[in-house]
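Before anything else, here is the set of structures, which you'll find just below.
Each of the next two complexes has subunit A plus one other chain: subunit B in the first, subunit C in the second.
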Partner chain A sequence: MAKIYIDERELEVAEGTTILKAAESAGLQIPHLCYHKAFIPEGSCRMCLVEIEGLPKLELACSTQVRDGMKITTTSESVVEARKGVLECLLAEHPIDCPICDKAGECKLQDYYDEYGLFDSEFDENKEKRQKRIEIGKNLLHDQERCVLCRRCVRFLGEVTKTHELGVFQRGVRAEVSIYDGILVDNNYSGNLAEICPVGAITDKDFRFKARTWFLQSRESICPLCSRGCNIYVESHQGFSRFSLPKRVYRIRTRENQMINGFWICDKGRYDYAYLDQERLDEIRMRNSQGSVTWPEITSHIAGEIGRLYHMKRAAHIGLILQTWLTNEEFFLLDKIFRNDVNIDKISFLDPAEEASDDFLLTSERTPNKRGAKELGFDLQPADWKKFFEDVDLLFVFASPIQDGLDVGPLKEALEKIDTKILFATHNHEINSSFDIVLPMSLIAEKGGSLTNIVGSVQNFSPALDAPGECRPAWQFFIELAKKLAINFDFYNQFSSMDDVREMMKKENPFFREVH
Partner chain B sequence: MNPELTDQTKKKIEEIASHYATKDAALLPVLHLVQREKGFISQQEEKEVADLLNIKPIKVKEVVTFYTMFNQEQVGKYHIQVCSNLSCSLLGADSLIEHLKSKLGIGVGETTSDKKFTLKTVECLGACEQAPCMMVNFDYFGNLDREKIDNILDSLE
Partner chain C sequence: MIKALGNFIAIIKGSLLTTRHFMVNMWFHTLKLLRIKTKRKGAVTIQYPEEKREIASRHRSLHRLLKRDDGKPRCVACMLCVTVCPSECIFVEATEDPDPEIQKSPSSFIIDLSRCCFCGFCVEACPEDAIRMDTGQIEFAEYTRDRLIYDLEKLTE
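Then we have the complex of A and B:
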């Protein structure tokens, strides 16, 4: 351990820590553009200069390691002056086109100028004209005027994806980030480039000119598009009072979690978010019903159907088709209600087919919670559908959210022969009309719960979006249903929130006690 | 399409690379070798070198474009590099460059149509004691004036 002093604050940090990391561990921010936690420090932007007692020149905080007794000043006059100088040189060639820049509002150059700059430039010369929209990838555009040559993008493609699509050509004032021989950035992690760019040099075509960043509401969630469980921010726009917007979600961003996804998310998780808004089912549909039906009415109705078969000792004629889009808590309740209380053994899974993994974050499982279902005792083996559909009188199907990926083949024919068919769905789909009752469900981003990823890490999450229309999380319906069924009323009566269910699950199943 | 690197050159590259802990560390001396043998390093050579040193061609281009002494295009038989930095400029480099331009009938960075001369300006040849100075291929010429330049050009076949 080394004892150091930063701005007269005494800190104990491990030997070999850099000044910048030591400062950040104490909550002190040192400005930087090229440094990024994921990479080896490069020291090219010179924004992190600090004063060290006894040394004649300012030193780089990002790459200088602490020594015992080191006295560091991050706010002295000479440091502030140096930062101003660095900013002036960076801005000498920067277009300052913030009003039309997607990065505005979350741009480090903009923030630092606000903090250290606010001066008139002493450069009289005209700025160099450079290319402002060079296609460097399927979803990426590069603006050479805005680029500050921090090389984060080059290092990302060199160190993380190891695909090396970008390089810095020429030197000095002519230096520019570019692709080689027309070969575009083409890997499943390209979207991270726009995110790690500290300025608006690399912009994301998906987000380009769609929304100003300061109108976005950023909420934590977990990506459900594979079983890695990458931590994300779901960024939605509330719209304005004068006009409403065509959608809620404008962007998915990565959220750091060193246990799961590090600093990154894949392009599938980043760009395939249209399902959050498109073709959503948001109302209860019941065949042959006059007027609208409420959740309590429908819950009573379903409890009645189940109860009838249960009391006639015909529970074996109830079938349940599930998908591993449900949360741990929901599987816990399903297990309790359907297997334990009603004693149903006709439970099968109809998950989307597995696809290729990319050997980094994206797994082959295209649902988020296979592992959780397994840990709660569900058998995910493919069903013998012919046998399954023999004498089913009451069928429940949980299909969500992307029914296009769902193989409805085995369902379609069988449905015609079943008396009562109830679908829990998140999206409109042609198969919906084959059911007697269709109930609108909340998506992962719209509910709370926990998911178990492919390696068995359990992660909690809260709603990032409001559920549209009449959508409800499945767990809420399960509790209401169980109370109405009244087979084991006292047990379910303890539950009034998601947390109550989670606590019970943790109490009964030690696997879920450790949460990441 | 340029002729590919000869087997002999490839062998020399292997030999140079063997002196380094990792092959990519040999990039600079290898590029100098390729330029000596072929006169310039185009995309084709970038790819060939990358292949031999087991690195990406983009890495080679980063180095080739960083160092101005690597030619990315064919240069004339005589590659004239005139210093345009401080010492030489104070002693009249500007007018000498103009003289060369009109004498050769080309601009800076251009090659005569008979491929005999290429004219370039460079930042410093490290020979301020004989400013103004220039290099023709690997030979230095210092304390230049118009007459001297005329004599040099006349002597070049």
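Then we have the complex of A and C:
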């Protein structure tokens, strides 16, 4: 351990840490553009200059390691003066086209100018004219005027994806980041480049000109598109009081979690968010019903149907088709209600087929919670559908939000022979019309709960969006249903929120006690 | 009885006041007619719809969007006016401009005048000097609210 002093604050830090990391651990911010926690420090932007007692010149905080007894000043006059100088040189070539830049609002250069700059430039020369719209990847655009040559993108492609698609060409004032001979950045993690760019040099085509960053509300969630469980921010636009917007979610950003996804998410998780807004089912649909049906009515109705079969000792004629888009708590409740109380054994899973994984984050399982279902004792093997559909009188089906990969073939034929069919759906789909009752469900981003990822890490999450229309989280319906069923009323009556269910689950199943 | 007397006195007082104003105004207007300059002026009434008052140069009237030399709107859809608008009456949607020098331009620009409070913040915030409130038009009352919603076309006229 080394004892250092930053701005007269005494700190105990491990030997070998850099000054910047030591300062950040103490909550002190040192401005930096090229430094990123994920990469080896490079020291090219010179924004992090600090004064160290006993050294004649200012030193770089990002790459200077601490020594015992080091006295560091981050706010002295010479440091501020140096930062101003660095900023002025960076801005000498920067176009300052913030009004049309998608990074404005979260741009580091903008923030630092606000903090240290607010000066008139001493440069009389005209700014160099460069290309402003180069396509460097299927989702990326590069603006060479805005680039400050921090090489974060080059280092990301070298150190993280190891695909080396970008490089710095030419030298001096002509230096520019570019692709090699028209070969585009084409890997499953390219979207991260737009996010790590400290200025607006690399921007996202998907987000281009869609919204200004300050209108977006960023809420924590977990990516449900594969079983890795990457931590994300769902960024939604709250809209204006007088004008409606075409969609809610404008962007998905990564959220740091060193245990799961580090600093990154894959392009699938980043760009395939259209399902959050498109074709959402937001009302209860019941065949042959006059007018609208409310949740309490439909819950009583379904509880009545189950109860009737249960009391006639015909519970074996109830079928349940699930998919692993449900949370741990919902599987726990399903297990309790259908297997423990009603005692059905016709439970099967209809998950989309596994797809190719990559060797980094994306897994082959395209549903978020296979492991959780397994841990709660569900058998994920696909059933023998012919045998499954024999003598089914009442069928519950949970539809997956992503229905492209779902094989509805075996379902469609069998459905015609079943008396009562109930679907829990999140989206409008052609198969919805084959069901008697269609219940609108909340998506993972719209409800709270926990998911178990492929390696068995349990992660809690809370709603990032408001559920549209009559949509409800499945767990809420399960509790209401169980109370109406009244087979084991006292057990379910103690649940009033998600946390109660979670606590009970933890108590009964030790696997879920450790949460990441 | 005393109350009625009080009322009577009040009527007399009021009449005297009106008469005084009338006489004073007549006096000054007569002097003006005779081209005698006085410090005080007689009261002036503008016969509004026929006769209009001159609008001050900084008066905030109906908005307009300025155009570039080639006729395209100057606006780059930075949405600073949308951000700053206290009554949330501006709505802008951006689109990619074919000209790489412009890059971003508005595909729709709507001002809901039924909600606008004419604070002029949008003009202050605009980095491109694309919106101004200097048309001098103050008579744009309509019979329906829909007609008070001005779009890009109406604003660039």
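Simple rule for what comes next: the second predicted complex is superposed on the first by the 516 of 516 C-alpha atoms of A that agree within 3 Å, B and C clash if a C-alpha of one lies under 4 Å from a C-alpha of the other, contacts with A are read in each partner's own complex, and residues count from 1 in each chain.
Just so it is clear, contacts are C-beta pairs under 8 Å (C-beta built on N, C-alpha and C of every residue); 3 or more make two chains touch, one makes a residue touch a chain.
As the structure is a prediction and not an experimental result, all values here were calculated from the model.
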*asked:* After the alignment on subunit A, I want to confirm one thing: do subunit B and subunit C clash, or do they fit together?
replied: fit
*Just subunit B (first), just subunit C (second), both, or neither: which does A:313 touch?*
neither
*Quick one: name whichever of subunit B and subunit C touches more residues of subunit A.*
C
*Considering only the touch criterion stated at the top, classify A:57 as touching first (subunit B), second (subunit C), both, or neither.*
neither
*Put simply, what angle do subunit B and subunit C open at subunit A, by C-alpha centres, to the nearest 10°?*
90
*asked:* Contact-wise, after the overlay, does A:386 reach subunit B, subunit C, both or neither (first, second, both, neither)?
replied: neither
_According to the stated criteria, A:99 is in contact with first (subunit B), second (subunit C), both, or neither; which is it?_
second
*Once you lay one complex on the other using chain A, what is the shortest C-alpha distance from subunit B to subunit C, in Å?*
27
*List of subunit B residues in touch with subunit A within their complex*: 43, 56-59, 61-62, 65-66
*Provide the residue numbers of subunit C that touch subunit A in the complex, in ascending order.*
76-80, 82-83, 88-89, 91, 94-96, 100-101, 103-104, 110, 112, 115, 127-128
_Residues of subunit A touching subunit B in the complex_ = 164-171, 179-181
*Could you please specify the touching residues of subunit A with respect to subunit C in the complex?*
98-100, 104, 132-133, 208-210, 212, 214-215, 240-243
